[in-house]
Amino acid sequence: MTPNLHLWLIPLLPLIGAAINGFFGRRSSRPAITTVALVFSGAAFATALWVASQFSSLTPPYHPEILASWIRSGTFRVDFSFYLDQLSLVMLLIVTGVGFLIHIYSVGYMWEDAGFYRFFAYLNLFMFFMLTLVLASNYLLMFIGWEGVGLASYLLIGFWFPKASAASAGKKAFIVNRIGDFGFLIALFLIIKHFGSLDFMQVFGSVAPFVRAGNEGVLTAIGILLMVGACGKSAQIPLYIWLPDAMEGPTPVSALIHAATMVTAGVYMVSRSHVIFEHAPIALTVVAIIGTLTALFAATIGVTQTDIKKVLAYSTVSQLGYMFLGCGVGAFSAGIFHLMTHAFFKGLLFLAAGSVIHAVGGEQDMGQMGGLRTKIPWTFWTMTMGTIAIAGIPPFAGFFSKDEILWQASRVSLVYWGIGIFTAFLTSLYMFRLWFLTFFGEYRGTAERSDGHDAHGGHGDSSHTEHGHGGIHESPKVMLVPLVILAILSIVGGWVGINNRFEKFLSPVFRPGMTAASLEETAAPKTSEMEDSRDHSTEMAFTIISVAASLLGFALAWFLYYRNPQMPQQVAASLGAFYTTVVHKYYVDEIYAAVFVKPLIDGSTQVLWHGVDQNVIDATLDGSADGALEASDVARHMQSGNIRSYAAWVAAGAAVVIGYMIWMGTR
Amino acid sequence: MISVHLVLFLIFGAVCVAGAINLLAQSHPINSALSLVVVMGALAVEYLLLGAEFVAAVQVIVYAGAIMVLFVFVIMLLNAGTEERTKGGSYVAMIVGIPGMLAGSALVAWVLLTHSGTKSVVAGALPGSPAQVAPLLFHEFLLPFEVTSILVLVAIMGAVVLASHPNSDPKKEKT
Amino acid sequence: MVPLPYYLILSGILFACGVTGFLIKRNIITIFISIELMLNGVNLSFVAFAAQWGKLSGQVFVFFVMVVAAAEAAVGLAIIIAVYRTRETLNVDQVNLLKL
Amino acid sequence: MGIGTFILVSVVKIAVALFVLLTAVAYTVWLERKVVGRIQNRWGPTRVGPFGLLQPAADGIKFLFKEDLTPPHVYKPLYIAAPVIAVVFALTSIAVIPVGNWVNVGHIYTPLQITDVNIGLLIVLGITSLGVYGIALSGWSSNNKYSLLGGLRASAQMISYEIALGLSLVGVLILSGSMSLREIVQAQSGHFLGFIPNWNIFRGGQFVAFFIYLMAAYAETNRIPFDLPEAETELVAGYHTEYSAMKFAMFFMAEYANMITVACLAALLFLGGWSGPVFGPDILQAILPVFWFALRIFIFLFIYIWVRGTLPRFRYDQLMSFGWKFLLPLAIANLVITALVVVLKG
């Protein structure tokens, strides 16, 4: 039988760390806090590695672990139970590994910050919830992790809550996530209603007969609602708006939560419930379309942004769009693959960007940077790796995963493929734009005026504090080491995908035969004969095309932002209205504010607050209170404090009682 | 002798009622107390007519001879004059209490006259001499007896505590 | 031969007089005396019922009532003395601090 | 015998008893004055009649014809009622006191006793306890601080000592197993050890009870050494300060009648009643017990007077603590022991 892996240890360790730091961190020294945080997150990582080493010995590769019974009502039961399969193993390694690296990085980055202990408590808490989400063996436990990471991200986005923008950004993220969670919850209710269980295996096992019973509509609804939840968490259209604002948080947070792990939870959830989607082709198509549109949309915005972190944020959104595209075309393994590589290089990019910001003393506007190549070589080179990787140039990680997704998309519909290619071009364009603007040309910033070496990342990142900073300098080792590791990973991370090893590894989870079948249902008939005939040649061709697109983007970026940097303004001017629209992110925030937020606030204020609450509820309450007051004001005169009146009442009562008893007796 | 019994009953019953009415009519508490003593004496005779001679004796000794003396004693101690007719007071007592009392007693009287049958008791129907009462009191009702003894003890202590000046000898006020 | 209801009615009259005294009297002591009157009325009915049912228990009950009345008188009069000491009056209408 | 004769005999007996009692009262006063006079080395009354034997009659006449004045501030109804109450209760208690065996007057066979009830003792106790009212009310109604103090003292004292008194009698009741005075006396008839009479004070070992009874009786009757209610030196005359003439005489009569009553009780309960050597013709056999009974009463009263002439007066707190802390526990102990003895003897 399979050995007991003690999966519960993995989430528990970060929780302990969070508890210790949260409760005792205020009074303990920074080294102590560092030790606790690193030890527990590292222990989680080590355990994950050990589990991975044990993984091959598991038969079957599905390893449930019921810890405690939670809800039992009738036949419906939910347990605190974890389980492990290839998918959750991958997620486990990503979360713990990248998380651990970012912990290390944060030590250096947050060292000067007042809320040092708080930061690590939150970070460990996030690890706990994320691992719970990943390891959960039923939807409800997963939902707990889902909400938990939302909480952690809220706390960390608003980490510098004295800053109004940070606080509001945190609230925005939380509220937008609520919308998605709402869809998720309804999906869960539907699942409970129709499957009577939330356990993955039971639900997935009973999906096929459920569909055969002709309930595909219900299943489609479930799928779409799940997708809504995923949109909220993974920042897809129409709920992506919170992610760019989330950049108010410290950069390591952006790297860990809003690039590597949390935002990919949606992808994980969709792929986890792939069975449902495979049986609900419409939902699957919705996923694909949303993913595609988001990828393109975000990429276009990313081109115009000047804030380095904003650029990365929109790039994250767009990459997530890729992942959903992959899932949407039934290539879940490709989506997960891209999730992994993206975790590597986007984490790297964010950390590097943090290092840059840290170097130039909290400046985030690329317009104020430039020529940093020589000043911060380590950051420069690692960031280069990340850029190439995301741009999708072989043999870097991004290439394999993105190419895989595009290939699978092309098998479903060339429209997806075309948009994907264009998005790839835009991706490399804005990434290299960022690269050039940051590291080449002459320095445009004003960091020299400040001196002193006290203000590090924390203050630097909170851009309102512009005080002392000693010139432009390389980040400390503790920040560089994770950069290097992640750089290496973003080079070699993709090689596991060569001739579909990764897909084969995940195949026990996403049964390819099943996928093919569902594809035959969904896609046009011609895709089915694509299978054999023009398989390899076309794949090569598409690969070449995508690489070309990436190189084209690089070239354009080089031409615009390195050869003649005044060119972009002219281009922008020529584009005119369209450009301004894009710069203002298509006014989506404004539209939402006008369409949803303002009516909601007005409605709440006028109708619910003044109308319902004050005029109905409060009125009822006050009215009843006044009525009681009046009544008791009448009744209180019975208690005159006069013995004789009391006696009078007693006598009257006695008369009543006697009369009653006589009546009863004579009846 | 039947008629004698009835006559005696009526006479002393009239004395009882007269005493009670006088109790109400008198405005001076000491007169009320004395009229209550009269009522008690007449009641003792009624008990005798019912044969409860021990009850009658105890009625005279304890009630008339001790408790009411205590009342008189307190009245003398406080030198309570005729009660002053304060205005205000309690109208409820008049508006609610008296009608309620009248209604209650009317109901009871109606029940007694209509539903209690016409059973009659002869003079000395139930000889309650000490010899007959004692076994009952000391066997069947032993526990209540002891409990009441404790009650009395507690009452005495409470009286001492309540009525004594902090700086005086409790005995004088206890009596 | 005296019909039992006569005794009961006599006791009822006494009780009613007691209640009335409680209601119309203003002097605490008089009110207390009225209570004793009520107790006496009850005692009479006890004895009468004892005679009717031929059970001496009724008479024994009278003793208990007397004992309780004695205790009550002791405590009650002590309270009256205390009240008089503090409030210098025996008028219950002026001893009405027990209101809201 | 028919109801008519019953009523007749009763009336006759009542009249005789009252006459005898009042006479006894009057001559107890005479006796007291004489004896105290001798104790104090005086002659006492000598002028009216031989040895002043007519002195009581003279006093009575004086009381009758003296002006009966009523002070202005008294509470009249009770001021008038109080002495009546006192004397009435004092005289009433004689009704159940037996003075001798059954006698045969003509063809009427009747006890020498107004009425024989089987709870006679309780009735006596009840009536004496009611006697408190007279004194208390007189003290209060005469609206005089001396009188009030006297009345308060009297009522407190009498209530306190009633308890010891009653408890001291319970032993006797246990021994004789009855509350009828006549039966109690009959229970004491005969001798033991050949010559010692069967009196409770000897046989029943009730001498402790007798002692208690003696003390309590003195207190009950407000006699020296317990005469604080009428302590001349402090309260002028106590509760009857404001009384004069016939009302005062009534208190006087009440006091001495009470003395005689307690004397009778002592004789009946402890000293074997009228038992004694009886001989001679029927008439003598009828009279002798009464004589023996009167003799006992005389001795008892003599002790009364003797004590008065001898002992000083208690202080009030001494009186109270004596009653509550000494007599009462002693009486209870006597009661318990007697009960135990009776139970053990079976």
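Just so it is clear, A, B, C and D label the chains in written order, and each chain counts residues from 1 on its own.
In the analysis below, a contact is a pair of C-beta atoms (placed from the backbone, for glycine too) under 8 Å apart; a residue touches a chain by one contact, two chains touch by 3 or more.
Here the structure is a predicted model, which is why all the values come from computation and not from measurement.
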{"item": "Higher-contact pair (C-beta pairs counted), A-C versus B-C", "value": "B-C"}
{"item": "Chain A and chain C, separation of their C-alpha mean positions in angstrom", "value": "83"}
{"item": "Distance from the mean Cα position of chain C to that of chain B, given in whole angstrom", "value": "6"}
{"item": "Mean-CA-position distance for chain D and chain C (Å)", "value": "33"}
{"item": "Chain centre separation in whole Å, for chain B relative to chain A (CA means)", "value": "89"}
{"item": "For chain A, residues contacting two or more additional chains", "value": "640, 642, 644, 647-648, 651"}
{"item": "Where chain B touches two or more other chains, by residue", "value": "54, 58, 66, 70, 75, 77, 89-90, 93-94, 97-98, 101, 108"}
{"item": "Interchain pairs in contact, sorted by label", "value": "A-B, A-C, B-C, B-D"}
{"item": "Residue ranges of chain B in contact with chain A within the complex", "value": "89-90, 92-101, 103-104, 107-108, 110-111, 115"}
{"item": "Of all residues in chain C, those that touch chain A in their complex", "value": "19, 22-26, 31, 92-93, 95-100"}
{"item": "Chain C - residues contacting chain B, complex", "value": "1-10, 12-21, 23-27, 29-30, 32-34, 36-37, 40, 43-44, 47-48, 50-52, 54, 56-57, 59-60, 62-64, 66-75, 77-82, 84, 90-91, 93-94"}
{"item": "Partner chain B, residues of chain A touching it in the complex", "value": "638, 640, 642, 644-645, 647-649, 651-656, 658-659, 662, 665-666"}
{"item": "In the complex with chain C, residue positions of chain A that touch it", "value": "636, 639-644, 647-648, 651"}
